[in-house]
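The same chain A turns up in both complexes below, where it pairs with chain B and then with chain C.
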Partner chain A sequence: MKAAILDGIVLGLQYGLLGVGLTLVYGLGGVLNLAHGQLAVLGAIITALSFDAGLPIVPAIAVGLACAATAGLVLDLTLMRPVYRLRGEPRVLLGLLLMLGLAFIIDGFLVWRYPIQSLSIRIGGDPIPILGVRMRTGSLIASAVTIAAGASLVAFFRLTTAGRAVRSVIQDEEGARLCGINPARVRTFIFALSGFLACLVAVTRSMTAPVTVTNGIDFTTLALIVAVVGGLGSVSGAFLAGIVLGIVNTISSFYIGTYITTIMLLVAAALTIVIRPSGILGGRT
Partner chain B sequence: MTATTEPQTRAPRAERPAKASVVRAYLPIFVTVALLALVPLRYHDSRSMMGVVIGMLLFMAYTIAFNIIFGSTGQLFLCVGALAGIGGFGSVILSDRVGIPMVLSIVIAGAISAAIGALLSWIAVSRSLDVIFTGIVTLAFSLSFQSLILGRRDLTGGESGLRVEAGKDTFISEQVQPYYVFLALVFAYLVFYRFLQRSHIGWAFRALRDDEIAAELSGVDVTRYRVYAGALGSFMLGVAGALYAHSEGFIGPSTYAFGDVDVRTIVMLSLGGIGSLLGPVLGAVAVTALDEWLVDYSQLQVMLYGVVIVMLFLFFRRGVIPSLESVAARFRSGRHR
Partner chain C sequence: MTGRSPLSEPLLTVSDVSAGYLGEDVVHDVTFTVGEGDAVAIIGSNGAGKTTLFRTICGMMQNTGGTVTFGGTDITTAGAHQVARAGLAYVPAERHLFPEMSVRDNLILGAYPDRPSAERMALVFELFPRLAERERQHAGTMSGGEQQMVAVGRALMSEPTLLMLDEPTTGLAPKLAAEAYQALAALREQGLTVLIAEQQVPLALALADRGYVLENGRIQLAGTSEELASNPDVRRAYLGVA
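Coming up: the complex of A and B.
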């Protein structure tokens, strides 16, 4: 049980990071990035390819992260332009459908070109006991990286001017514009950041289980569930939801079974929308 | 005295244009179905090609149903495959396990789909979910259904699928006849779609799609009509999915998977034109032709669908037919001036 909870927290932090990117992009531009997981897998596969090409693992990861961030940046500057020109419901619908199309393009491309490629980073060493539970080294490094990333993200949003600028655009785009913030540039930055975070999650996942070319849809679904349960647009909500769902996930797949667990997570997302659309931290609407 | 003579003189005059407009409204359906009826003449000796064109008709039916839900009332149901799958698995379980006659089981399974579709619609409307939240809730439903299919191996056969006993060795499992069964289904769906469009329901659909608040203010019960659309469309999906299960003789998790059904349906509808009568027909024909053309490059299919979706929504946001129509209209009005 203790092991399951610890594993769940590790998994949950990764879920949180995955959800944060999706939630931020939606909060800023109204674009539900259904290609979020595909960007993560794209970065992971680029990492694996660079590693195979002879790069040491750390630079290879850096290449993958940079590519995922660049992909986000380029997307925002090209495909998302016509979306941002629209307002209200048409914007949301067009953004959703374009990203769905893009998800298929990335998925299809990866399965076509690199059908058996996968990223799995093996970290040796004996299990290390934490709170009486023996944790694998890979899993510990993954959690350390995830915690560091999450902490710097929170610090960025709380402490820096740029982070406050991002939050102000989420709250009130017009108001932010009046204060001299350029929402378009904030959006571009956040899109790139979300690509980076997605890839980081894929890389840390690969330290415990291989990430294959077909994993994109799973990552997208998880990000969507986490972002919805946390409340679309809420960073702290996404982290909290991630941890809660991570613990629920490990405990229930351990004691009940995997397929019920998947259904439980999906139902959690659906129920959140129906009962409390603003998420677990949001107020009642 | 005048009151009795007047209707006699007026009635024929009023009737004639009405009849003409009825003919004009339903003629395209007859022409389309007549053209589609010729397809087996070319492919009747090839088992695999008959399978392809039957699949085309199945997706035509799916797309017409989705068009009622999404095209007519703007509810983004990302659970076309799941609703069809409830029809499919439901009907097979009812007929093979419970022993209900096949036709009855298809209708019951369709009714179950309709109830679930109506429930989803009702939740979406009563919680006033916008398009994105409706999409997420229905997607969550879709993926849950998929997990359930894989998980309940005892009922659904899990990954290895289910052999369908009811309908085996009847005319719907032959080579050419099922084509006409599905053609009849498509014909019925098209006629029903046109009938809806011309009735007060279609009028309400248009009103609430164009401007929901204005429709509500002028007395259209938005909730009721959205739920109608959800229920009717889902019933059509369920029946089509069930019919396919019995005609094909085998169903598995990928028969109704989101990635296989919903995506194709969305591509077909957006290619043909959202909210148009013959858009689904045209879209289904075009996508099937594209698939066959690229049959040797089937790994490229997923990528190609993605490209089609992106291109369509970037350049032909309202579908190919309406876009061409508006271009033609501009051309005509330009000439008049």
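Coming up: the complex of A and C.
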């Protein structure tokens, strides 16, 4: 039980990192990025290809992360341009459709070109006991990276001027412009950051289980559930939701079975929409 | 119009500006200037076009004709964030604060992209001691009067050369409205240039040196505050005097 909860928290932080990018892109520009998981997998596969091509693993990961971030940046500056010109419902719908189409394209391309490629980072060494639970080195490193990334993000949003600027655009775009903040620049930066974070989650996941070319939809679904439960646009909500869902996930797969976990998560998301439509923290950024 | 030297270029020059929504102009060929150190009021009733005019000047919306020059630069097509960074701070009637952020964070963002200096923060707290007490409170949970203080304080954080306010007394009780104007008078004494849109004409004319009367999107009358306050038409229409 203790192991399940500890596992759940680590998994939950990964969920949080995955959801936070989706939630921010939506909060800033009204675009529900249905290709979020595909960007993660794209970065992971590029990491695997770079490694196969002879790069050491750390630089290979850096290449993957850089590519995922660049993909986000380029998407914002190209495909999303006509979307941002629209307002209200048409913007949400066009964003949704374009990103869904992109998800299919990335999935299709990867399956066609690299059908058996996957990223699996194996880290050796004996299990290390943490709070009486023996954890593998791979999951420990994954946890450490995830916690560090989560903490840096929170610090960025709470303490830096740039982080405050991002939150200000979500809370009141017109107010942000009056302060001299350019919302378009903020959106581009966040789209790139969300690609980076999604890829980082894929890389840390690959330290405990392989990430394959068909995993995009799984990551997207998870990110969507986390963002909905946390409240679209809420950073702290995404992390809280991630941790709650991570624990739900590990406990239900521990006591019931892995087959039930995605259903449990979707039930949690559906319940949230019914009980608290604006998310567990009530739509706070 | 005023006694200023014709050689010194005004801080803000609005010439022949027209603007509107969906192809229909609400503001027609408006021309006026604001010199450095001036306090100018644009008075007019609800729907006269004051907000549209102000939103056009600060870059929130595009004009359909005319030009706006600020500090010697043409800002007609500049975006709102560029205008703000050039030193023109605008406080809209709806305030547009960041509701889920503390008073302090709202003020910090006012200085964007710089980190605010401690002196600047102290200056705002001196002007509005209430904000110092409520530093950590979320802006969205404050009363209308307090939110107005945050909005003005946030605008001041950027050390603007021109402060533009659209109906700063919106939703305020008469006592609070008078207090808001006292704060503006204090700023004005420190030499800040102020451009204000207002339908509470007595308050506006008490603060400003001169004013323009905007009716149906056109400037109908211009003059010093004394001239306007004694003009029979203005007295009838805005000062409730027959």
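Heads up, the rule we're going with is that the second predicted complex is superposed on the first by the 282 of 285 C-alpha atoms of A that agree within 3 Å, B and C clash if a C-alpha of one lies under 4 Å from a C-alpha of the other, contacts with A are read in each partner's own complex, and residues count from 1 in each chain.
The criterion applied here is as follows: contacts are C-beta pairs under 8 Å (C-beta built on N, C-alpha and C of every residue); 3 or more make two chains touch, one makes a residue touch a chain.
Computed from a predicted structure; not experimentally measured.
Participant: Is A:20 in contact with chain B, with chain C, with both, or with neither (first, second, both, neither)?
Facilitator: neither
Participant: Return first, second, both or neither, reflecting whether A:221 touches chain B, chain C, both chains, or no partner chain.
Facilitator: first
Participant: Which chain makes contact with more of the residues of chain A, chain B or else chain C?
Facilitator: B
Participant: Scan A:167 for contacts with chain B and chain C and give back first, second, both or neither.
Facilitator: Only chain C is touched by A:167; chain B is not.
Participant: Who does A:175 touch here: chain B (first), chain C (second), both, or neither?
Facilitator: Touch partner of A:175: chain C, not chain B.
Participant: A:11 in the overlay: touching chain B, chain C, both, or neither? Say first, second, both or neither.
Facilitator: It touches nothing on chain B or chain C.
Participant: Could you please specify the touching residues of chain A with respect to chain C in the complex?
Facilitator: By the definition above, chain A touches chain C via 161, 164-165, 167-168, 171-172, 174-183, 284-285.
Participant: If you look only at chain C, which of its residues touch chain A in the complex?
Facilitator: Contacts found on chain C: 58-60, 79-81, 84-85, 89-92, 95-101, 105, 108-110, 112-115, 154-155, 158.
Participant: Residue numbers of chain B touching chain A in their complex, please.
Facilitator: Residue list for chain B touching chain A: 76, 123, 127, 129-133, 135-137, 139-141, 143-144, 147-148, 150-151, 259, 263, 266, 270, 299-310, 313-314, 317.
Participant: Which bits of chain A are touching chain B when the two form their complex?
Facilitator: 32, 79, 82, 89, 92-94, 96-98, 100-109, 111-112, 115, 217, 221, 224-225, 228, 257-260, 262-263, 266-267, 269-270, 273-274, 277
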